[in-house]
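Please go over the structures that come below.
Heads up, the next two complexes both have chain A, just with different partners, chain B and then chain C.
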Partner chain A sequence: MSSMENNGPNYLPSPQRCTGDALIEMAQITKTFKNAAGEFTALKGMTACFYPGEFVSVVGKSGSGKSTLVNMITGIDHPTSGSVRVGDTYVHTLSESDMSVWRGANLGIVFQFFQLLPTLSLLENVMLPMYLGGGFTPTQREGRALSLLKLVGLEGLENKLPAAVSGGQQQCAAIARALANDPPILIADEPTGNLDPRTAEDVFDLFAALIDQGKTILMVTHDISLAGRTTRTLLLSDGELINPWVASALPDLGHSQMLWLTHHLEPRVIQPSAEPPVLDASGDWLILVTAGRLELSGHSGHPDAQARRRLGPGSFLSSLSLQKEGGGRSSLNLEADEPVELLVVEGPEFQRWLSQNPANRLALEGAEWRPDQAVLEAASHSSSGWNS
Partner chain B sequence: MRNPFRPNGKTPAPQATPPPPLNGHTPLIQLRGLKKIYQTAAGEFPALNGIDLDIYPGEFLGIIGKSGAGKTTLINMLTGVDRLTRGEVWMEGQPIHLLDENKLASWRGRNVGIIYQSFYLMPNLTLLQNVTLPMDMCGFYRPGESEQQALKLLQMVELEEHAYKLPSAISGGQQQRVAIARALANDPQIIVADEPTGRLDSATAESIFQIFSRMVAQGKTIVMVTHDQSLARRMTRTLHLVSGSIQGANGDH
Partner chain C sequence: MRRPRFQKVISDLWSNRMRSLLVVASIAVGLFALGVMTTIYFVALGDMQRGYAAANPSNITIQSSLFDQDLVKGIEEVPGVRRAEGARLFSTRLEASRGEWIAISIHAMQDPGQMQINQVQLEQGVWPPGDKEIVIDRYKMPQTNARLGDMVTIEIPSGKTRQLKLVGVVHDETIGAFRNAGGFFNAPVQGYINQETLKWLDQPSPDRFDTLFVTVEGDSKDTAHLESVATSVRDKVEKNNAQITSAMLRSSDEHPNLYLARAVLVVLVMIGVLVVFLSGFLITNTLQALLKQQVQQIGILKSVGARQIQIVSIYMLLSLLYGLLALAIALPLSLQVAFLIIDFLTVQLNTTFYGFRLVPQVILLEAAIAILMPQIAALVPLWQGTHISVQEALSGIHQDRPRKRGWLDRLIGKLRNLSLPLVVSLRNTFRRKGRLALTLVTLTLGGAVFIATFNVRVSLMDYIDRIIQYFLADVNVTLEQPYRIDEIDRLIKDVPGVKMVEGWAIARTELVLPDGSVGESASLLAPPAGSTLVKPIIVEGRWIEPGDQNAIALNELFRERYPNLRVGDTIRLRVNGDDKNWVVVGFYQMAGKVSGFSAYTSYEYLSTLIHQSGRAASFRVVSSQPGLNRSQQEELGRAIEARLAQSGIKVVDLTTGQSLSQTASNGFNVLTAFLLFMALLTASVGSIGLAGTMSLNVMERTREIGVLRAIGASNRTLMRMVLAEGMLIGMLSWFLASLAAFPISILMANGLSRSLFGGPSNFGFTPVGFAIWMAAVVVLSVLASVMPARNATRLTIREVLAYE
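Moving on, here comes the complex of A and B:
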């Protein structure tokens, strides 16, 4: 599917600000909830950009801030600080009543529990949002609702009440309702969370078809396999975005460990003209390539490691593997024919991370660069999905 | 011979006539021989075993019984949300059980207000929109009028100051009051409520009950399923359902 190509590197790593063509821009959003038990910060200065035609999945454990993130965009909840722009509109500058009108015209929202009105037929449920003033005349409304129900595969069931159809069919009707006013953006919070896997697949296919028709979709999900099939995935942990390069390269790490790396990896650029840096097995370091290709030529005891090798976007290498191959004496020269962008953590910080959790070392070794893997064309790597 | 009043010459279908009242008063709704049998993997499950019941205008009728006794099934027959297996439902001389889905939907929209244990408010619509949109769709009011009417209803349930808030910004008890306002939108003759206080604490449940009592005082007819015996005692009449049948003689107090 042409629109589902992975465009990750253009947007990554986590941006400080969005480029002008972003359809949705969340800038430095913090959200703190106060209750009797004290304060809970659900989002911690989050910046995220969504571009037209993207199908973005939002994943993370319960309480990581997924629903809060989408509630900021829909205006269902207000940020403590920061701003959200959707198209030309700064959402949280609108009054409650203006916001509801804006929301009705611009966002289609799909919920986990469908939220169909039980006393209205599927047709009536789909027609309902058109009375918000979506620009359809009373005579157009029924025809449009029928064609939307046909689009979601519910032709012939339009006069049924929600209770008379299956959960999957109810969700399809809810999607048809979300499309009632032809909004450019669909926001779905766990749309398949209450459906069996086969029905979930149908709903996902429907979303993919809508992407092909030019919609932009944000989908909160627990389903990692569905997330892997979207344009890109935002992984949240503890109210922050995990660097997608980290999530992709080290999928076995715990989310809090990924978040630590997100905080501590520093960007570096190696210029082709510069003196090539040398990585020493006796040091402590982890490098993760995010753009360009590194040529590695080395002196290591391991026979496989004598050849020249390449690291492309999404590939990483740490001192652990070099030590394993050649003992403490081996080293590698890094050469670049083009500017190569890296994320690096080194020295005592890397040591500290390794000792934080024994699983970290295992996760590194489990996914670590191997000679045969490193020569794979880097382009085949997914930079931001789960399916690398 | 060709019937001059029916151009196609067909004779009309025999007119069904409503059954006589059970005890002389003129009922609003009549249920006769109501049976509902569900087909399950384990065989047939009779949820209702022949219900005969008249519901009178201005009644506050409680339906009590254990889980599985058929309370919700009975309610769903009354609202036409579910189809009966056998029997008849009449409202003011009209055979509801003979309506097709389309006609049933419009009958329901104009005559019955339905309130559930879950509030079914749309999370992305303001309270006002949640009440107004179903009114606009039924075409009962002119645009503009419907919003005025919805504001009045929100005022009745003491939520007019929150009209432009989203459901997530108010409490569960307040959400149920919005659902009540929505159920009243088209000024239905009968309100059917299935455990409307089931998810609310007792103080909030009491305030909801008082709203219902006020509506009855204003002439509405209410049928309410409840688990709460103390609430049931404060209604006009209580039906006790056991295994799909009404226990006692038509449930009169």
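Moving on, here comes the complex of A and C:
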């Protein structure tokens, strides 16, 4: 898998139901904040899972709920409803104090603004969680802290105070601190948000190395290029996870438009033995293949149009493309050798979506004039879709 | 029209109510303390003088052999005399309970209802007393165990008793006025009767007087005028063949306990100045912290065009509002508390309290301090706070992010075995050195004054011990008339447990000044040669030695009143009407103003002078068993009295050594109670300082607390860290307070001693104050830290790290 290469984000898979070996499971999480202005729901019934060894990025615009999602996992905040399981612990049921203790032993948190204690040296900052967690003997603490500082490239700077080192060095020290009690999971909230690009790169490489060592990392970022280098990306908008198929197939859409599609695309299944449906070019529809492989056959007036077209998981086709490929009435037969799962929006709903934003039509049209549209391979965990 | 600047001030005040409360409390506590002290200063002394003057007190009091009303009338014709009244004063005993007799001093007047000098205020019952009736002063009324309407039993000269009906309770502010200073506390029960009752009590010549009360025209504070009139009065008395035994002069505003009130005021002023200072520190500390929290807002203001002066004016307005809020709280509270204290002091010092009222000087002073002090305290931190650049303010680069370790941090780092959370606490304690210093100053001074109070009490008690050195007998017996010493010695030694009996000669004497006028009256005491019942504290010269003839040792008051008087000088004293020269052989220290003028000479010489050789009316008895307590001494006294009564010898007064000690210390109880209150007030200022500092420290470190939570710190860990910091500050302050207590104790003790005794004190110290303050500091530190610690544990990480 080329998740570490600088490609676009990999939004797949995000299963609707978590499998038994999920390390972190978030089920139907809703989080509502009450303030003077009224109520604001930051997360709306979200379900997500994370598996051991994954390097997952959470992206979204400001206010989309990324940090709130992460706060649910770290216990920094509690859901209004829903459950959060990390390992064997339902963290949303713990008290603040118990949560702190559990967090110290099981999670390492890296903050955007480093959050080192200013009166402690880098070495002391790294040692501090060991004192709080009690997992290492007093004689082991200093040695371990020194080796962690060496791991993050800060050998020789252990007695410096945070204010005496650069931002990148502080962030590396914060990563070393997060690793102090050898937690299986690292949570990083905008870890490179306050760093220059070069330093950000160094920090990211550190994360990559930790993944290779078997850690599981969940990283919040608004940097799409960084997200593209992780195993998997969750895209949030307005407190909800965008359907990964939509995000993957139509990356040029605005997030709110993606979210609309997420809400309105309906699942369909085409059985191989069934009478293949006919797609009418004069209609209004958009189909997105999520499983199986579809063959399209039929007449299209466009000189470049292929007589037969194959659509695999991640591929989409809309009535706009048929209309563009050839004028007049055309149709396509859908044939399948195996059950094909689709997401479909059609009719007035599709029209309404098109009319919401001119960019939607452009996004469909722009995507369709790529004749070598790649068929995205589903990851091994792909099942029946996403959470909607 | 909306005014954003004013809106900002109001929202700053209201949005962080905890912080506003702290600032207001810091100012209010200082205002409160100042208000209490200044109210007492202005009111207590004024009411004392006013109340005493209202009693129309005697300016010249002459005690002599018996004289009649004609002399009294004649005295009124002496130039300078406004009014003269005669009275009969005698001491006897009252039966407080079965077999228990207490001393009573009875004032008998021809017509108490017509009395204009030394007027009393009726508190209960009726005035004047009728025939066979008695009225008693309120001060020692409880000792009589009697209530209004009861019959009280009085001993008469024959040794029999009479019963008088108790018909009234009065307040007599002049008690102690015609004795030496300290007379009020040493005075026995005071009773008031008419001449008919005097007759019924078998007093000889009941229609004659032995005490002349005179008020003068003009200014009684004019000492020369007073002495001039007194001389004329004395001449008149002596020309009428009355033998003067004592003469006291006193201005109409010189309350008998004025010396004590002045001592209280000395304490007030000393501690008052201190409290104002402490409060200033406290306000500075709090405002500095407040302004530090406002740095970012100041940066924003600057970035939108505000000039420094404009920003300063916003925060000055905020400081003004804080001051006014504090004034609104402190002013009424301080007046209430002050008047409660004055009410207490009024009873203790036997003065009048004219009731709650507004004191304009106090209001103006508190208002001035409330307005000015926060402004002054805020000036420096405000100027510094507004001086930083916009970039620095907005970027959040704070001064508390050190780049290098200070020596203290390095020292802490060397303590290898400390847990890191504790290291964090230690470093946090010393992180804001300015704030720590201010907090420590406040708490240290408060603690030092608190500890000093106990040490000062020890110093005061030292004076009591000094008085006792002059009265070392277990029992002091005064007989109705002089008896042969060997006879009384034999009789008393019949009583089991008696080891030694000494007969002393005692007389009243007056100093005859070089110009022939009469100066101070003094008690002249004459123990037998080689007496071990006096252990004088000689400050100059020597004590009386066997064989001395006209040698005299004077107490320190003589030195104060007559600074030119030296050892070896000859002075003229009038004893029993005879003027004689005496040679001053030494000066001794007793208890200054409290004990009054006194002198010692040899029994052998004085007894001859007063024609009582080999005889005495005053005896000192020592028990064979050392260390008797008060009740044991009283039991011995009763046995002695019974033995003497068997031989028909009447005892008119019997006091135990322990009761003398207790009576002498009664006056100081008022002072030490007051000292303790002031110490508590000062300590409160310090405590609020500590509480404020801890709250501010926690408030400023909310982000840090969030991080600690994020990396695994439990509630318990956080509580321990905050408590450790509070305890460390508390213990540091205790250590510094203990050191500072020594010079402060000396300062306070000397200040009090000079006003009470006219001389510096002997410094005394007790570990009690140190121990109590240590316990108090521990409790205060915990309390001052608990709330901020609880608040810290209740903060959610999301709140403090302000995600998104």
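Following the convention adopted for this analysis, the second predicted complex is superposed on the first by the 348 of 388 C-alpha atoms of A that agree within 3 Å, B and C clash if a C-alpha of one lies under 4 Å from a C-alpha of the other, contacts with A are read in each partner's own complex, and residues count from 1 in each chain.
Everything that follows uses one rule, which is that a contact is a pair of C-beta atoms (placed from the backbone, for glycine too) under 8 Å apart; a residue touches a chain by one contact, two chains touch by 3 or more.
Quick caveat, the model's predicted, so the values are computed rather than measured.
Touch criterion met: A:62 reaches chain C, while chain B stays clear of it.
Once the two complexes are overlaid on the shared chain, A:97 sits against chain B and chain C alike.
Of the two partner chains placed around the shared chain by superposition, chain B and chain C are both touched by A:76.
In the superposed model, C is the one of chain B and chain C that contacts more residues of chain A. Of the two partner chains, chain C is the only one that A:181 touches; chain B does not reach it. By the touch criterion defined above, A:25 reaches neither chain B nor chain C. Using the contact criterion defined above for the overlaid structures, shared-chain residue A:105 touches chain C, although it does not reach chain B. Common to the chain B and chain C contact sets on chain A are residues 74, 76-77, 96-97, 100, 103-104, 109, 111, 115-121, 124, 127-129, 131-132, 161, 163. Partner chain B is touched in their complex by these residues of chain A: 74, 76-77, 95-97, 100, 103-104, 107, 109, 111, 115-121, 124, 127-129, 131-132, 159-161, 163. Interface residues of chain C, counted against chain A in their complex, comprise 400-405, 409, 413, 419-421, 423-424, 427-428, 431, 703-704, 706-717, 793-794, 796-798, 801, 803-804.
Partner chain A is touched in their complex by these residues of chain B: 76, 79, 81-82, 101-102, 105, 108-109, 112, 114, 116, 120, 122-126, 128-129, 132-134, 136-137, 164-166, 168. Note for the complex: chain A touches chain C at residues 62-63, 67-68, 71, 74, 76-77, 96-98, 100-101, 103-105, 109, 111, 115-121, 124, 127-129, 131-133, 161-164, 177, 180-181, 189.
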